[in-house]
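Naming follows writing order (A, B, C and D), and every chain is counted from residue 1.
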Amino acid sequence: MRLFGSVRRTSIELARPLTDADATAQSMPDASPAKWHLAHTTWFFEAMLLQRHVPGYRVFDAHYGYLFNSYYDAVGQRHPRPQRGLLTRPRLQEVYAYRHHVDAALALMMESELPADVLDLIELGCHHEQQHQELFLTDILHLFAQNPLRPAYRAVHPAAWPRAESVDTAFQSFEGGLVDVGHGGGGFAFDSEGPRHRRVIEPFSLATKPVTNRQWLAFMEDGGYRNPLLWLADGWAKAQAEDWSHPLYWEARVGAYWSMTLGGLAPLELDAPVVHVSLFEADAFARWAGARLPTEFEWEVAARDVRIRGNLGAARHWRPQRASDKEPGLQQLYGDVWEWTSSAFAAYPRFTPAEGAVGEYNGKFMSGQFVLRGGSCVTPGGHIRPSYRNFFPPDARWQFSGLRLAKDI
Amino acid sequence: MRLFGSVRRTSIELARPLTDADATAQSMPDASPAKWHLAHTTWFFEAMLLQRHVPGYRVFDAHYGYLFNSYYDAVGQRHPRPQRGLLTRPRLQEVYAYRHHVDAALALMMESELPADVLDLIELGCHHEQQHQELFLTDILHLFAQNPLRPAYRAVHPAAWPRAESVDTAFQSFEGGLVDVGHGGGGFAFDSEGPRHRRVIEPFSLATKPVTNRQWLAFMEDGGYRNPLLWLADGWAKAQAEDWSHPLYWEARVGAYWSMTLGGLAPLELDAPVVHVSLFEADAFARWAGARLPTEFEWEVAARDVRIRGNLGAARHWRPQRASDKEPGLQQLYGDVWEWTSSAFAAYPRFTPAEGAVGEYNGKFMSGQFVLRGGSCVTPGGHIRPSYRNFFPPDARWQFSGLRLAKDI
Amino acid sequence: MRLFGSVRRTSIELARPLTDADATAQSMPDASPAKWHLAHTTWFFEAMLLQRHVPGYRVFDAHYGYLFNSYYDAVGQRHPRPQRGLLTRPRLQEVYAYRHHVDAALALMMESELPADVLDLIELGCHHEQQHQELFLTDILHLFAQNPLRPAYRAVHPAAWPRAESVDTAFQSFEGGLVDVGHGGGGFAFDSEGPRHRRVIEPFSLATKPVTNRQWLAFMEDGGYRNPLLWLADGWAKAQAEDWSHPLYWEARVGAYWSMTLGGLAPLELDAPVVHVSLFEADAFARWAGARLPTEFEWEVAARDVRIRGNLGAARHWRPQRASDKEPGLQQLYGDVWEWTSSAFAAYPRFTPAEGAVGEYNGKFMSGQFVLRGGSCVTPGGHIRPSYRNFFPPDARWQFSGLRLAKDI
Amino acid sequence: MRLFGSVRRTSIELARPLTDADATAQSMPDASPAKWHLAHTTWFFEAMLLQRHVPGYRVFDAHYGYLFNSYYDAVGQRHPRPQRGLLTRPRLQEVYAYRHHVDAALALMMESELPADVLDLIELGCHHEQQHQELFLTDILHLFAQNPLRPAYRAVHPAAWPRAESVDTAFQSFEGGLVDVGHGGGGFAFDSEGPRHRRVIEPFSLATKPVTNRQWLAFMEDGGYRNPLLWLADGWAKAQAEDWSHPLYWEARVGAYWSMTLGGLAPLELDAPVVHVSLFEADAFARWAGARLPTEFEWEVAARDVRIRGNLGAARHWRPQRASDKEPGLQQLYGDVWEWTSSAFAAYPRFTPAEGAVGEYNGKFMSGQFVLRGGSCVTPGGHIRPSYRNFFPPDARWQFSGLRLAKDI
């Protein structure tokens, strides 16, 4: 399976700029160490495939099941999440050896003809690892942002950051009606993207591009972070408790804001989409702007006629080939920032989780989270599609999350 | 306005069994002292009506605005919520004097002909106070449940508790289709109950009665509280952190469970609806039972053909006259327990909050909460209607909350 | 026993200005409700005397042992301290009835001739209750200070507040040498005041009066609360965490500081001793002033030649008859503020706690606390003696605590 | 200065078994990363000596002052202690380069004749680094103990662990009287070890050896961890809150206890001194045993006639050459476990902290800590002397701390 090899190689490539220490530290309970991502994605293949489907398979290390299970209660006990950063052992080299061991066993396994359900699990494992590749980068950025030295992960190709576009924002209208939403079959999708079903949509309009840093500065200068009437109650409480006054990673320097990026501290590009804002901030901004966030269904309906350009079909971390978006219509839907929607992450009608341990994949997170749509500058290309439902709690800021305005019409 | 007098008298009646100390204590940040409820509902009339619409009105006490504002940021600063229980002054008698002062001023005001928007505000104030009447009772129950003496609020008429019904649970089917939901006009409704709009509903079935204590015991005995696979991730974390093993207020005695009630500690009635469970517990129970929670729209569609019986049109706290429910169809929809739905509390399409301070009433709570439908044994009759949307966080247990199962068909 | 009647009456008198609600609320875990003090001191007599020494004694209420035990682990389980404020029942009137029941039983008991150990226990119970009388007042002040209405406990006779004295501060010298310290027998003393033993004292000098508010203002104006070099490490951490910038209860008004007192909010008397400062603040002040706190032994040696004036032999709450201190020598040692010393509260050589439950009285607090000497404006007269060792954690501020400077010579 | 070279080399040797990740992680706020210890001790020399006394000295990195200042408020701002584990950069190799840079500059500096105060500062810096060498090892042990793999720091020579001695415990008597205590001059000592002064000591006896694991097991089996009457109040609260039931690092295996050590998980040696107990536990044990902890002065008086054997004058980490202790008198005073005393860490009479930044070395910790005497199996030999005062909070368990019993006679 070509996807398997490509995904596994990409993870190794992502780790190359890191020291063992970089790969071990955990900057907050919500983030995981890079080494843990590398090991956990490997454990997924070992526990879900090798141990179940390869008779006589010998696990690489009997402790790893405990150390690198993330949240699959069906699979057994696990190490407490907030203490992942204390696992200085196994060493990064040992984790590479673990990956090698599992890769070799899977390669051997794939030489035989495999039943469809096993092939599906391998594909799921690849997509699972791609999700962790994005988290790998968001978590490393968060770690490096805590360090007063503000180290760079690596020199960042400008195209691997949300793109500055100088076009003006306009609103494009969409008719309402009875529409089908959800993944329609054809290609991989996570269970929560379906089943496809019908929704009623009212007529609405959607901004042609995401909210920019320049627009966000106007919100800040107008007192947006100090006016409780703009905020959801929980959002206001959080913003006060944590003293929010700008997006995560912004730093006021003389005369301008800079922001921490994967390439280190850099001056803010005013025409690039704002990034690292929470749902709470996005919602307050929208209210201030006399607009609102779109629902996830409005977003999907609007987006599915937009051609996904560039080399997004392959794992494209750090090798983006994005065509210019300066043609009419919705711009920058994919590959810049995840866009918060006003939709709580919930099951679609007749949703049933997958059988077995992988059934814990999405279903159990259906409380307290909001859906984001699109895909960011660090999202693997294979995860760029109109039906993809990313989800995070409304106070999460360390993802590459921004917003696009919507309006009733 | 007859409603005004009746509502204001009911509050006083509710406070009668309490000492000044009972009315002052606050058992947790989510609950408020009884005295605070009495004063806050009065402040609502003073701040929203008298100060705005009665020239020359003299406030009863200049400090009260600070002390008894709940969450209206537009109206000004307020006393920190977790410290409400330290307000031993004003005395309960002073709060009664405050109520008298405001009631008299409002009575005078109502002698004139009032514009419609002012009348609407008075009506809103009455419904607001009725909501606090229910909270008054849930909060007193919570306070008394913390006291090892387990005091009774007052002798409770059996009918003022979720009713035990020995009929078996069945499932009633409903067709899907395109339906109208939301308040349709005619009579009072909160802003969040509208606008009326269309939804797609899939065919489903709904249990004819709420889940009972007997059924809940079976869930417990089957290890429901110990099996993470039944739970939402946040729910499991909460259940572990707080060591949940049964509904709030249950106490294991030799051979049986008892439960704290407004009438004191009482043996559990096995055929009564389970009450004081969180959304997390309700959801886990439904999964265990091979069912699910209904969406709020399924509930509304199913409920709106059921006749609301009894004397529910009047404030009926403690004077329920519920007819037997032993006729076919859905039972105990109203007047026993609030029923958790799987719907996050969110704005209906084209929802716009009311103008001014009362616009903070519902809109700002549209994150992190779930909708409950129906109405409990302590819900004022005027709040019993199919479109009513109660909402609480998914871990809230001190309300009279239970559940009714749904299934895909 | 005359002391018994007098002490018990004084407690009732102290409670007279309070409502049931005032007497129930608990403003922080370190403070207790007034009602709890009234009941706990009564429980002490019931549990330590009546239940042990009066055959056939019937307890007033079987729950009270659980509710009103403070910390006597030997006597059994107890209600969690931070939840004392939720005990709205028993009512204050019921607590009075409890006191009456126990008083009557003790009066009957005292009609017989009692063995010396029982008489000693009664005396201990009286002194125990006097300690709680002081806490009663410090705790009520703390509660009322949390209320934005700043209610007065009652009109305070000026003499019942630390006295302003306009004399200048001087230092009086004391020779060092081998001295005896500790209670020497004759009259009641707590176990921790003995055994009497020898200490080596170096020559030192002691300020003739406590540090005043005026001096404290100079410390504040000189940046005393902002200079970490003046502070103990734990003190600085606490001061930063809680944002200390002045003594507890001070409030900056236009042009002057006011302070909450038992008589309500009042302008600061500049020549009165500073009060409501922690050991950490006192220690920082002393360092700023080029001095230090005295050890408890220096204090005791210096103080024991000073005549204790006024009607301090009787319970003198609110009836102080303090003679002028304007004669040479140490002023205001007793009856104004407790004076922090640099001595950790520890056992004297050969200290052995009393046998049985009362052995928990002092010994178990011998870690993490510092000794205060003297006695404050709310200290019962019977607790005024040179050997008395009061003790509190170094961050405690709600007691009537101040300081007197010492120096090496 | 020979000491300088020897101390600096020892630190490098201690770090040899560690990966960059091991050297970066921080297992709790009270512990520091190994890399931080290496850099901080270097910063001490740079900030206190090179920057002040070498004209034109160029700091290695301008950020390091912020990153590696521990608690010297006089020297400037510093990185928050609980976030030291996030400093994955600078790399361990860069810290070595920093050490090399500073060592070279100091070597050059020492080629000149230096004034006495500068020489004293260098000596202080060496002793400071030796203190951190001990912390380096206690902190690494704590880190590795959090890892389910229980990694070994390195193979531990049996003599580098508290020694098992099968001799019986006896008590040796000491007369009381007026004694001199404190460092008497001659050789290096920290400021808090003086001034030498007189104390009164009562006659007492001291156990000839520290409490052993075997004796501790008897305490456990007798319910020592479940009986509140044995405990200080703060100790009992802590033991309950953290569920203590045995010393830190013990793990119950089938039939026996094992303990985490620097050599990995190892079976408990029953005749070795108990280690990794808090003052609270030590105090409870002593009470259970009908004894008490000695004061630090009793300990010093008893210890100062005992010959310090072995090669303790040199930095002796991991190269112990301890003679047999099986001669009469006090055994194992030095080189096995630090021994808790009942003395709060406080200033000796006429103590004055050193001038300047190094004045923050000890004085500011004189609240809330208890003195330990002796020296452990990981204490550098140069810190073994009768007057040495180690100090930690009473709940600290991760040091090599045990106890020796004392009695009144």
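Assume a residue touches a chain if its C-beta (ideal position, glycine included) is under 8 Å from a C-beta of that chain, and two chains touch if they have at least 3 such contacts.
The structure displayed is predicted, hence computed values, not measured ones.
Q: Spelling it out: a chain qualifies if it touches subunit C and also touches subunit D; which chains qualify?
A: Shared contacts of subunit C and subunit D: no chain.
Q: If you fit subunit A onto subunit D using the CA atoms, what's the rotation angle, as a multiple of 5 degrees?
A: Going from subunit A to subunit D via C-alpha fit gives 180 degrees.
Q: Can you give the whole-Å distance between the Cα centres of subunit A and subunit D?
A: Distance between chain centres: 46 Å.
Q: How many angstrom lie between the centres of subunit B and subunit D, each centre taken as the mean Cα position?
A: Each chain reduced to its C-alpha mean, subunit B and subunit D end up 59 Å apart.
Q: Give, as an integer number of Å, the spacing between the C-alpha centres of subunit B and subunit A.
A: Distance between chain centres, rounded to whole Å: 37 Å.
Q: In subunit C, what residues contact two or more other chains?
A: As it turns out, subunit C has no residue touching two or more other chains.
Q: Flag every residue of subunit A that touches subunit D in the complex, lowest number first.
A: 19-25, 27, 63, 66-67, 79, 83, 85-92, 143, 146-149, 151
Q: Quick check on the complex: what are the subunit C residues that touch subunit D?
A: 71, 73-74, 178, 197-200, 202, 228-229, 231-236, 279-280, 283, 342-344, 346-347, 349-350, 360, 364-368, 370, 394, 408
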